[in-house]
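Look at the two complexes coming up: subunit A is in both, with subunit B in one and subunit C in the other.
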Partner chain A sequence: MGKTIRKNLFALNLFLAFAVVVCITPQAFAGGKVYKMGLSLAITGPTSDAGNPYSKGVEDYFNYVNDTKLLGDDKIECMIRDDQYQTAVTKRNFEDFLDQGIVFYLNYSTGSTLGLKRDFEEVQIPVLPASFHAGNVEDSHYIFLPIASYSEQVVSLSEYVVNNHKGDKPKVAMFIHPSAFGRGPVGDVEKSIAAGLNMEIVEVVEHGKDLDNTAMLQRLMSKNVQYVICQTIQSPVATMIKDAARLGISANAFGESGKITFLGAHYTGGNDLIDLAGDASENFFWITSYTITSEPGPGTDFQLSLAKKYGRDDKAANSHNYANGIMVAQVATEVVRRAKEKGLDISKKTLHDELNAMNGDNAYQPPTTVGPVTYSSTDRAGVDSLQIYAVKEGVFRKVGEPITSQYMKKIK
Partner chain B sequence: MASNRWLATGNFFTTYQEEQRTFTTRLDQLIFSIFLLTLFIWPLLFELSRTYMLVVDNILIAVVAVLGLNLVTGFAGLISIGHAAFVGVGAYTVASCSRMIGDSHIIITHLWPVMIIAGGLAGAVMGAIVGLPALRLKHLYLAIATLSFQMIFEWTINFMAFFNQGQTIFVGRVMWLTGEVGRSDHYVFWYYVILIVIVMCGFGVRNLFKTRYGRALVAVRDNDRAADAMGMHPGLTKVYAFALSGFLAGVAGALHAYLYRGAGIESFTLHHSISYLAMAIVGGLGTLNGSFWGPAAIQFLDLQVENVAELAGHYMPSNMNLATALRPLTFGLVIVLFLMFEPRGIANWWRIVKSYTKTWPFRY
Partner chain C sequence: MKIIRFFLTKCSGDRYIAMSYFFQIVISGVVVGSIYALAALGLVLVYKSSRVANFAHGQIIAAGAFITYALTVWASIPVYISFVLSMLITFCLAWSVERIFLRRLIGEPIISVIMVTIGLASILDGLIYLTPFGTENFSFPSFFPQEPIMVGGVSISWTQLVGVIITFILIGGFSWFFKKSTVGISMRAVSDDQFASMSVGISVPGVFGLAWATAGLSAAAAGCIIGNITGLNFDTLHSFGIVVFPVVILGGLDSILGAVVAGIIMGLIQQFAGGYIDGNWGLNGTGEVLPYIILLIILLIKPHGLFGIHEIERV
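For the complex of A and B:
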């Protein structure tokens, strides 16, 4: 009797052990490694109109990487947290990500990138922010800008104005956000002028939350301003160009005499500007390093297919901020892929090294940008090429070929 | 007074001194001591993640700030809608020194207790200056004066190069007996520092109301003409209330600068002033323990709403930015509900619980 019970117990134990092995083995062998990353951004609150599609771009691309096994059995787990555009919340999110062992960090705003710069240095973690503020990379070894800085964008627009203006020295006003994000490029444009860029800055306007810019625009007209270069977000630009259209002072073609041509850097443009300003956005010149869906190509096809695959609405699918999110996720994935290919352990250090080695023949060409991504220990701006677009019949169209700033090299 | 100092079931005070005791019974004292001891030893027993430690530290800093706000608004009856600016003055006192002498200068890293007091004093000076209109203004007019200070403060920080135009000014890591306080110990270290500050401020405020200076605040709030007739100077009392409030706010700001290792304008905006006011209202205006309940409740609520908003933001279509509205909506709703149904705040619930347990198991 005792022997029978023992035999039965032995058989039961054997069965249980077998069941445990059967259950665990597939996961143990097929699971691969999981690389953790973090993204903190404004999904709600100020600038969430940009942050929301950006987060979806990041989320969808990492899902795509995992679903299509771009990294084999290994997966990327990217935790995405809302920070409501508040540095204090970003810091909390960042600490949370660190607790969970991230190897790569994606940040968002200028304020939080500058505010957490010391933390990034201490933790030695590579960071790709959505902010292209040139000050982000000063005194930093770990922050990499995805594309050319705001300064480079605004200086490139200034160069475009100088190269295409007919007549005397062009008179330019700058319309900027009242923060480091807006003010940063002004100094670089002034340096470019000192270095020989033939234009005159007549006025620098720091906008508030005005709902009417009539007085400001009339003042600029009285000073014979022909161009307004904007470095801010879409809504104040939309208000201004609508007022300009109402006053009948918007140029119908670039540099039209007696009228004002409006131009803007990355965060001033995109489909959101057209939605906000309507017909008044016609002939607005916009610079960015991203491909956009109104100019179809392999990059935009991929963007739209990704959005369709993960059920995004048209607004998100066609947003340049969605492309922006995809692009940073692509860069993060690429450095993991390269480190894996070399048989290296995936860590903060190896990914940082891979970013620094992303130049020359190792430059990375994501389909969502107009030029290759290059980084080194001295070059922290990813895509150096910039494409100018202008609104024609309600959509942004390419103006010429991608350009790079000449004066930024001179003033560096 | 009841012969049994452990279990008093009613008020049996026979002298003013008895009435002014910090703890009515020994049991109260014992419970408070155990509670305090628990606050000091729990981080040694349970390791909390840095994230949660940061949340706890934030609540504690808000407690210091709301203690100050409660002094001026709750006890002295002067509405202040610029409290975050006073907190900012303290933070920018530390940050400005850091900018002038270097963020790793010995004054910043070694003499940080002095810097915290300096932050408080700067807040007190600003409080006294902003309080000057209280000599002539009352009610909503005074509220507007404090609001204008908030605006001036934000404008000054945002536009002056010295303050880095509102961007973060870094503050170095501090030194302790064991050397530099590193990343791993940072939040726990500041937890203890802030806790000690709270205990000191809490007892300070509690004892203040045993003195004529504290009672003058309440007297001026209740009827400044009567207070005047009783020999108090209502104007000076109001200015001094603002100065005292500014001191506590400044201390909170200095602690904030050290905790976040820097100061940036976005932590001291009008939105934060309203938050502090909400904390004081929800906690219970004119009560000491309300200053503890309010920050804890509002920050906890904020975290929960934040999670819901984030979730909604992930799943709602891009053109329906409803998630953004969720936070201010909840926030406003809580304040309105408290003002309507429990204007005495959570502190009143605490009073009810205490009075119930005091007579337990008897009903009356």
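For the complex of A and C:
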């Protein structure tokens, strides 16, 4: 009797041990590893019009990587959490991700990237934020901008103005967000002017929650301003260009005499601007490093097919922020793939090393950008090429070929 | 407009430009101020009857704009009908909010009620984030002529003009309602003394419900007008619930006339600062700061606002 009980207990223990092994380590049987990553961003709250499609891009691309076995049997598990644009919540999310063993982190806002910079240094984790603020990479070894910084975007727009303006020195006003995000590029434009860029900044306007920009626009007209370069988000730009259209001072073509041509950096444009401003967005010039679906190509075909595969609506599918999310996920996947290919363990350090080695022949060309991603220990802005688009008949159209800033090299 | 035309015909050359610039700023100030007043009206209505500052007002403004858009674009209802329907829907919505969340707080400390409105703002935020309006941008289809109305170099858009007209119709209507109608007088009585009002047979809960409902109605109107100007972005729209707080404080928390006067003062200060001060002498952003400085100065002289009631409590 006693022997039978012992036998039964032994069998039960064996079964339990087997069950534990099967439940806890399915990957061991599948032969694959799971690499954990984290993304904290504003899926709701301020700027969620950008954050929401961005999160969908990240989520869909990592699902695509796992579903199509881009990393063989290995998988990427990216935890995505809403921080409602609150740095305190971002920090909490990040710390929780660390506890769960992430090897790569995707951040979002300028404020939280600057706020967590020391934390990133301390834990030595590679970070790709959605913010392109040049200050993010200062005194940091672990933050990598996906594309050219806001400074580079705004200086490139300034160079475009100078190169295409007819007549005397162009008079420019800057319309900026009242924060580090908005103010950052102003200094670099001023340095470019000091370095020989032939234009005059007549005024720098920090906007508020304006219902009517008539006074400001008339003031700019009285000072013969010909171009307004915007570094902010879409909503205040939409209100301003609607007012300009009402006052009849919007240029119908670039540089039209006696009128104002409006231009803007990455987060001022895209379909969201057209949605907000309607017809007033016509002839708005916008710069970014992303391909957009109104100018179809292999990159946008991939973007649309991905959105279709994972059941996204048209608005998300055609958003440049969705492309932005796909792109950062692509870069994160690519460094894992490269490290794996070299037989390295996937860790924060190896992924950081792979990012730093992403240059020259090792540059990475994601389909969703207009140029290759290049990083090194001294260059942590990914895509240097920028494409200017302008709204024509209700959609953004390419203006010329991709450009890179000449003056940013001079003032660095 | 006749005054503007008269003045402008007396001017010529640079003086004409300077005068049209001046009048343009005046018109813009009045327009912006009127819209502030309309957005502030809901706050005043709730405060006037229940002494509560409603921190969920911005969310109701946004909801009104989104309901109008959904009815117009998704249900293909003509915009004018959608506008009226959205006011009726927010009327019912705000009444329901009061009935469900706030009715049971009658008699409780005011701070408790205010905290509930803050919680309510979070709940409404969450509900709106469940819809596409929470994270996507939209704009109303054009239903007014695109060409602005021009008078001697001064322009005003149809949206702005209609906004001002609606503001004054609603404010005129509410002023009459509070002064002349039995229900309006009951609301003022409840505001003065809930227990005394109950003792003469006024239904205090009914008055509170009506105050919230009418505030919802005016918020929808404000939301539609602001949404038409800025585009439909949730962050932008609900922030106006807070942006107009200085207007309400300056006018006197319980004064409809005060909201109008303070709104226009704020609008004019912003526009004049933007037109004449910003960009000169190294100054910038004064249009954002100056209204608050003037608000502080006026409150030092008149602590209850321009038209607020100075209550004397005898014990």
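Couple of notes before you dig in:
Here is the rule we go by: the second predicted complex is superposed on the first by the 383 of 412 C-alpha atoms of A that agree within 3 Å, B and C clash if a C-alpha of one lies under 4 Å from a C-alpha of the other, contacts with A are read in each partner's own complex, and residues count from 1 in each chain.
Keep in mind that, in the parts below, a contact is a pair of C-beta atoms (placed from the backbone, for glycine too) under 8 Å apart; a residue touches a chain by one contact, two chains touch by 3 or more.
Quantities reported herein were computed from a predicted structural model and do not represent experimental measurements.
Placing subunit B and subunit C on a common subunit A by superposition gives a clash between them. In the superposition on chain A, A:Q218 contacts subunit C only, with no contact to subunit B.
When both complexes are overlaid on chain A, the residue A:E122 reaches subunit B alone and has no touch with subunit C.
Look at A:A238: by the touch rule set out above, it reaches subunit C but stays clear of subunit B. Judged by the touch definition given at the top, the superposed model places A:D279 against subunit C, while subunit B stays out of reach.
Once the two complexes are laid over each other on the shared chain, residue contacts for A:N318 go to neither subunit B nor subunit C.
Looking at the shared chain after the overlay, A:L98 reaches subunit B, while subunit C stays out of its contact range.
Touch criterion met: A:V205 reaches subunit C, while subunit B stays clear of it. Of the two partner chains placed by superposition, only subunit B is touched by A:A88; subunit C is not. Of the two partner chains placed around the shared chain by superposition, subunit B is the only one that A:A180 touches, whereas subunit C remains out of contact. Two complexes overlaid on chain A leave one subunit C stretch from 22-30, 40-48, 76-84 or 112-120 clashing with subunit B, and it is 112-120.
Touched by subunit B in one complex and by subunit C in the other are residues 43-45, 48-49, 52, 178, 315 of subunit A. Those residues of subunit B that touch subunit A in the shared complex are 49-51, 54-55, 58, 158-159, 164-168, 170, 183, 260-262, 264, 266-267, 306, 309-310, 312-314, 317-319, 321, 323-324, 326-327. Those residues of subunit A whose C-beta lies close enough to touch subunit C in the complex are 43-49, 51-52, 178, 202-206, 208-216, 218-220, 222-223, 234-235, 238-239, 242, 245-248, 272, 275-279, 315.
Across the interface of their complex, subunit B is touched by residues 43-45, 48-49, 52-53, 55-56, 59, 80-82, 84, 86-89, 91-92, 95-96, 98-99, 110-111, 114-115, 118-119, 122-123, 135, 178-180, 183, 312-313, 315-316, 319 of subunit A. Contact residues on subunit C toward subunit A in their complex (touch as defined above): 21, 24-25, 28, 31-32, 35-36, 125-126, 129, 132, 134-139, 142, 146, 148, 155, 157, 160, 226, 229-233, 235-236, 239-240, 243, 270-272, 274-275, 278-279, 284-285, 287-288.
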